[in-house]
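Chain nomenclature is as follows: A, B and C, assigned in order of appearance, with residue numbering initiated at 1 for each chain independently.
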């Protein structure tokens, strides 16, 4: 072992100015360096399998997705001729392209119709401008009937959108291999006909608001968690070990219980004909018609998520509070501070690291949450994650889903760096 | 050691090959799950497997993510599905993207018993060259007979909180809701899509939806609205007519139907391009979409068969023994006022209007 | 904790109010988990207590939903898949994670922070983002909708837990034990199995348990990377809650609570044993 080599150093002549060597005569410095290098290699070799595994199964998918948010290969791939020819066209003018470009378009459409690929271009451009989908579908069906030039006339006759300069400006703008439009759309922005970036029509703005809501609700959940976690962590840390070991099970059991189980039970508790409403009706607190809506809205999401995330707040707080000697408080009291003052001025500052760790942890988990908001969130309790899922499986706008995911990831990474600064990832503990 | 491994692998491979020839062909059929898959299982899959013991049909209930997953499979060049059930609008998109097979309806499907070619027998239902229609379904309304004082009779009642107070449930999407809002607001039904083409028309539809926004519980999955009705969480809900039929007739829930301006839509099959068992699947399709088979499905679920020639063959419910004809959305009693879903319009505008709808919801 | 004699009345009142508040918070934590247990023995398909149940009439209770769970093929497939996926992903995660933790705990590791950052990234990145990325990428690799795909995905998600727990066990590891073992003539292999393994075993086991639970509870990634064939218990619960919420889900939930209790007990026992072995007081 490396340590052994370093240990077998023979100190030849400590008093003289000779260089130190090991038993086989190698200078000690060289030998130590070699040992260190070997030691480093050995450590890296042990880490390498997992590193590669994470790289392939986890990081590459994420980088792949980053790329998807700018990927626009559909255009150069399936409209190659038109895209190339359009390079010379001036989109700032008021003239639609001339016959040569229309001829390229005709060839692209014809080939795309045969291979059944031109619809992908339509779908892609329809995200930018409604109506493109049907334009390309119609063109696919009818292009076979066009035989002779001039193609410009024939195509415009087939669908007047081919004579609209904005159609051409759009194709011109989105002709490259990469596009900005998904990332812009994720910020409620778009590029207008003249190529300048502006805010999305107010009635269609949603994502900025949604990010805001996600952050705001996560903050609220974090604060509620802190308020609830602080007293019980304090109690746990002051009770004798035997008692606190039993009480902490009440925190750890929810932690180990499947989050779907916990979400299910909140549905059973909170729904209109659920346990709590039944109880309230039975107690005559609310009337039969006045049952409270506590689920499928913000309230439901917040209650269920506070419950799910509370252990993540209690555990770091508890582990910090455990280390605060009770003598601090006693000292403060004996120096004349009243209990409240002693608590605020002496005890609380000592718990700040725990508060920081717990809050950042809960906040990070909360902003990326998907399952609970999806099940109990209704419409006003959903998070940005739910929209990422929606764009993947329902609207099929994968580019936009990727862009939104990247924004969310960026927020999480910033928080993670903050967490590293406050707690240090090496000090992360579980259970 | 190396030699040993190779021989083991070879042995395994040959074993697999042998098994492959001797064993059945597995066809993976993707559908909606629940009562719907069950109806297909009984009407199509089971009899077909009985006739062809070498074919095994596996159900995959992921039709609700059908298009997304099919697209991913095609992108990857590995298609594990053989047949996918899709609503017509999804089939149109799939066809546009070239990920499903183009169908020559006359040669690939069976003619009607009287010899009418399939394309004529299906008629207008063939909304895309890749689509093989199976059923006509409608999105219509159910209401709790015991929780409303006066039963709703028209689509305007859905938007009338005074006549029918209480929560209602609508699908969390722009389709159907915008049309209904306009009709309830007095737009003549034949002009609905023209009005929706304009910005003011869309504003008008959303303004009408605004009037009931607070009272709406939005559903995403087709099984939810009937569940909400059964639980009494809402007094009225838009739902697929087949789901309402099961809730009323099979589960005996106190629910009534309101057919006014039901929206007709189609559901059917698409064949993924590049599937591994194309020949077997096409053979199956030809049989499973013939006149008798489509009529058979109606014994198990109240959706109208897509072939004209199947209509007279629709009989009684297999378990309940009630006559299915009057429960079909196409029955004259029910189809007095119907709206045919405009596929072209929605293919173009769905992205934009859904986005606007989501923004409206988030307000 | 008895109150000292010198406490004032106000402090006394506060002391007991504080305990009541804490009691309520503990109640909030544990009640939702306990309430589903009796509800799962309901005779009727509702999520609420019937009058018969409240009067403790045996007629009001039934095993109907448990029977449904044990006879329904969808649920059986889900149980099978859950275990297969969790077991294999745990094996992969534990093996790779333990190796990496051994490497990371050595005194000289270049770029330690950066490496650690990469290794625990699956724990930090929101699941929906991991799921989305994997959905697209695994489709390309032909792994979407396969058991192998889900197993690999889950293994990736669980490794951070193994790395963290095993590294934590190695923190107080006395390097001189290895040297002592070498001096006494043991080969590195013997040292590894006789000295290192017994000491890190509790960490490895609890890491493996964390990995198992991560996979067993995980649903977002299964929804995207998996397909109907890979449906796990959470997958089945999720689609059940989204569609037809039957009390069978409550029966499953009750069984999962029992699983959670067993896991919790094991982890706690291991943790205490570990601390005892390392000469710390159980805490």
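Operating definition for what follows: a residue touches a chain if its C-beta (ideal position, glycine included) is under 8 Å from a C-beta of that chain, and two chains touch if they have at least 3 such contacts.
In this text, all values refer to a predicted model and were calculated from it rather than measured experimentally.
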Check: Measuring centre to centre with C-alpha atoms, which chain is farthest from chain A?
Finding: B
Item checked: Pair exhibiting more inter-chain C-beta contacts, A-B or A-C -> A-C
Notebook entry, point to check: When the C-alpha atoms of chain B and chain C are each averaged to a single point, how far apart are the two points in Å?
Noted result: 39
Checklist line | Separation of chain A from chain B, taking each centre as the mean of its C-alpha atoms, in whole Å | finding: 33
Check: How far is the middle of chain A from the middle of chain C, if each middle is the mean of its Cα atoms, in Å?
Finding: 22
Checklist line | Multi-partner residues of chain C (at least 2 other chains) | finding: 46, 135-136, 140, 242, 245
Next item on the list: Could you tell me which residues belong to chain B and also touch two or more other chains?
Entry: 231
Notebook entry, point to check: When you check chain A against every other chain, which residues touch at least two of them?
Noted result: 271, 273, 392
Next item on the list: Sort out for me which residues of chain B touch chain A in the complex.
Entry: 64-65, 67-68, 71, 92-93, 95-98, 102, 172, 217-218, 231-233, 344, 347-349, 351-352, 354-356, 358-362
Margin query: If we count contacts the way the header does, which residues on chain B are in touch with chain C in the complex?
Written below: 34, 59-62, 69, 72-73, 75-76, 78, 80, 220-224, 227, 231
Notebook entry, point to check: Which residues of chain A touch chain B in their complex?
Noted result: 115-117, 119-120, 122-123, 126-127, 130-134, 136-137, 140, 203-206, 209-210, 213, 271-273, 296, 378-380, 387, 392-397
Check: Which residues of chain A touch chain C in their complex?
Finding: 1, 3-4, 7, 36, 39-40, 42-47, 49-51, 53-55, 57-62, 64-65, 68, 228, 231-232, 235, 238-241, 245, 247, 249-254, 256-269, 271, 273-275, 278, 307, 310-311, 322, 339, 364, 367-371, 374-375, 385, 388-389, 392, 398, 401-402, 405, 408-409, 412-413, 416, 420, 425-426, 428-431
Notebook entry, point to check: Can you list the chain C residues touching chain A in their complex?
Noted result: 1, 11, 14, 18-19, 21-22, 25-26, 28-30, 32-33, 35-36, 39, 46-49, 92, 96-97, 99-100, 102-104, 106-110, 113, 115-122, 124-130, 132-138, 140, 152-153, 155-157, 159, 161, 163-165, 167-168, 175, 178-179, 182, 188, 206, 210, 213, 216-217, 219-220, 224, 234, 237-238, 241-242, 245, 249-250, 253, 256-257, 260-261, 263-264, 267-268, 271, 282-283
